[in-house]
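Each of the next two complexes has chain A plus one other chain: chain B in the first, chain C in the second.
Now for the complex of A and B:
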């Protein structure tokens, strides 16, 4: 393992560890409002200062990291499974099934996902708790994010279907279902892993985009998206560099995922 | 501004007083200005102007251009809130409030040289009241069925008769820019201080000095002093702020409190806090009988005591201090104290007291169980507040309210929705529980809010379009609003609207939260600026402004 991959692993372990230990590291919680100290600079009490309504930014970064980092992989898992089901099966079956599946995929890809998410959010019941809103946000991301992976998997499964060893297995009389599970799926695994890892930073960034638009995780629960909203005031951040911490964390985590991803791509190749 | 019946009877005398006040006022501004004028003023419009036709104006950007280019018969002085002569030297409203007569200035021409006369006023009124035009400005004059009659008595005298009394009739003419009947340039021929010289869609509007503008200063020099105004179309407030700080813009008409404080820290001489504006922020519950929300929640929302308890549990001082950095005042009622005449000064903002709120709720059968408030049937008190996404101040207010209500065991879910979804829920499906939004008031007269307070109105937001008033207090508001609208007795109108304000504060169909302050920024290169609370805050006296160093 190269130095950079080791470093990426250490960074991710540290960040995930810190977010899981948020209850101990920031016992006041993410919602407590210190209204007398709103928008305060870093201090011994508030290591990263407070936000506009006096909530401890350090606590919010930790809890926000927990939400974004735990749920983005869940959404990635969902989208990868959907991609495997739709793309992998269509590629394996080939012919009209592949064409139909890819048509549906193209249709999904042509949809403006951001507007689709906004519409889906608008149709949701209003009285949902912040926790449910988090789950729904990432579920929506997962359900809408399978298309690119499905295309890759369809092509890969199609290649496998035409490969010599699959033809030989079929000629030897192996039934289609067993053939799929014994020979095709194991050979799709590296591609599935790669697609899973690729999706995680994509979903983290998607949630961040939704959060900036005010459509992601509901208040008072934090996420990286809602934390990044503080950077909207371009004029002020130059004087308040501590507000950059969520952005720096996002860049570091996404970069770490990308470094690890390159390893997965090598394996897939 | 005290508009009294006696004043309306005498036409010339009050106008003479108004002229004297205006001259004194503008003279003091002039004293601050350098002797030589000229220069170009630059600022931003926050959206594309939808029209240059002054009769079709309904957006802020078009309104700003109308203010800068349109000549009006009478003008509300944005500083004193008094009515002053414009193209009309004097005017008189009849006792029954149906007719207004104007004596016009003579020897005035439009920007293209076409002479101005009473025929142009008659033409403008006909256009304004043409139902096919759907003029938002004209709607304010529609008090009853029937035609508006204009009678040109002479080239400098005209009388206009409406089918029914129009309350505050004379002040409505502040919004009516006079069009030329004969000019081939149509609405581009103007009587205001500037005229549109160039328009680059999506980019900018260039206004140039109207060489035929009628107003002169004490030395007889023709106004305006400025040569031109460059209006850049810029939606992004951050970019607007950066450009102002770089000196590329001369003023920001409406400033966020956050930016205001940043500027105070670095350049306090540039910013102006003119005090509470007419704008308010308010919360209301869905009281629509057919709305698709559970019946037990409808019962809560329709209970005056429930609404009053919620109101008392919200810390308005904190909303003002934390969200608006102190540049807002707790609201006392439907009208801001900034509206000097119509505000009911007996009203005070509700005192913050979670304990009293809880007691009031307990009196209604609510009880606290393990930190959660439940109604008499055991339903947990949980509701959602929706507001428009992208408005940071409102989102922060909602989170503060969420925290305040948590203290009395009420769980609030804050939901931000895009504007269209919110409007659809608010006006069509009624699928919401509570909404937090603001009301932008541009009109000082309560008649401008008829569409909010009448129970039959579409904009009676908590329970719109009622066939008959569903509550006794709504019936009383209907009766009072109609009475004041059909009266030309200012004292009686004031009494009626004072009572309306009292009922609204007692019943709290709208829980008024704060009145934002009017914040603006003006470069030191601009001379003569005196920001006020009424729109357009910074350039209301544009004829007298000069820009140095350009």
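Now for the complex of A and C:
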């Protein structure tokens, strides 16, 4: 493992560890208001200052990181499973099934990702409780993010179906279902793992985009998207640099994922 | 030539089918969306019983998705795209007013993105300096790790035009492909031989590299249009630019679903046209080579 990969691993472990320890590091929680210290600069009590309604920014960053970093992999898992089911099966069955699945995939992929997300988000109710908004946002990412992975899996499963060992197993009389589970699925695993890991930074960035546009996680629940929305009111960078901490954290985490995933991307392609 | 005509006809058919299917899918999803049957206008105390009944009847007519879609397509063929519920204006007027700005933004943004991409990728392939390659990869990687909406916010903060924000959103995606393609092309044995024989860089580029990478770069160019359309939403929404991207965002926030269906069809059409166009040009280029 190269130095940069080790560093990326350490960064991710530290950030995930800190976000999981949010209850101990910021026991007051993300919603507690310090009304006497609204929009305060960093101090010993509030390491990253407070937001405009007096909530501790450090606590919100920790809890927001937890939400984004725990739910993005959950959405990635959902989208990978859907891709495996649709793409893997379509590729294995071939013929009209593969063509139908790929037509649906093309239809989804003909729309820009962010546009598809905001359109689908608009179909869901917008005035919902914070917890429901978190679920809706990440379920949406999971349900819509399967298309690219399905295409790759369909091609891989199609080439496996035509491979010599699968043909020999079929000729030896192995039933279709058994053949799929014993010979095809294990060979799809590396591509599935790669697709899963690649989806995580994509979903983190997508949630951030939705949050900034006001279509993501609802207040008072924090997420990187809702925390970045604070940048909207800034007049200059030097004025309140501590407001950039969520952005720096997001860039560091996504960069760490990219460094770790450079080999996975080659595999997925 | 005949084969090209067939290719164009095939693309046109696929495009038409996708747009029609996409529109039907959007219209169906809109009907399944919670709150579809609710019309805020019914709360207006100024409306009498007849007006309320007319609203009710109109909604009942629209409930059947196939009936609605057929009549929508019929009206659309005559240039009537219906009204926007949230903005109270005909969709056609809204799109006509906003489309020029979006097209200009996308055109300039894509031109800047490709200038940056080709400059950096070509110099990385020419120079073959690991420091330069690392620096340009880090630069594109940094932009790749920034959410599009943050780049839009930063462009407002630094008073940078929206088209540059679009360029910086698209550039990291195109750069990765262009750099890999060019580096791969320059490492081909015949190009290494040509260099060893002292052939000029310009001649190598235009005679040996460009013909090899053009079809793949055209495919990436088609995809970059889709990326730019996606980037236009946060850029227009957060930079206060009254284009189609901002309209889509406003429609999403107001849950103006009929307007969203129209924009979905328009966006699908634009991205598919770009991809088909890139494919046809690529086919022509390949044909000229052979």
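Heads up, the rule we're going with is that the second predicted complex is superposed on the first by the 241 of 269 C-alpha atoms of A that agree within 3 Å, B and C clash if a C-alpha of one lies under 4 Å from a C-alpha of the other, contacts with A are read in each partner's own complex, and residues count from 1 in each chain.
Assume a residue touches a chain if its C-beta (ideal position, glycine included) is under 8 Å from a C-beta of that chain, and two chains touch if they have at least 3 such contacts.
Quick caveat: nothing in here was measured; it's all calculated off a predicted structure.
Of the two partner chains, chain C is the only one that A:228 touches; chain B does not reach it.
By the touch criterion defined above, A:182 lies against neither chain B nor chain C after alignment on the C-alpha atoms of chain A.
In the superposition on chain A, A:31 makes contact with chain B only, not with chain C. In the superposed pair of complexes, A:114 makes contact with chain C only, with no contact to chain B.
By the touch criterion defined above, A:247 reaches chain C but does not reach chain B.
Touch criterion not met for A:162: it reaches neither chain B nor chain C. In the superposition on chain A, A:13 contacts neither chain B nor chain C. By the touch criterion defined above, A:122 reaches both chain B and chain C.
Look at A:218: by the touch rule set out above, it reaches chain B but stays clear of chain C.
Set against each other, chain B and chain C touch different numbers of residues in chain A, with C touching more.
Contacts of chain A with chain B, set against its contacts with chain C after fitting on chain A, overlap at residues 118, 121-122, 126, 213-215, 232, 234-236. Per the touch definition, chain B reaches chain A in the complex via residues 238, 241-242, 245, 258-259, 262, 318, 321-323, 382-384, 386, 389-390, 392, 395-396, 398-400, 402-403, 413-418, 421, 431-433. By the touch criterion stated above, chain A contacts chain C in their complex at residues 106-107, 110-115, 118-126, 201, 205, 208-209, 212-215, 225, 228, 231-232, 234-237, 247, 250-251, 254-255, 258. Residues of chain A touching chain B in their complex: 31, 33, 35, 38, 52-54, 118, 121-122, 126-130, 213-215, 218-220, 229, 232-236, 239. Contact residues of chain C toward chain A in the complex are 18, 21-22, 25-26, 29-30, 32-35, 141-142, 144-150, 153-154, 157-158, 226-227, 229-231, 233-234, 237-238, 248-249, 251-253, 255, 257, 260, 263-264, 267-268, 271-272, 275.
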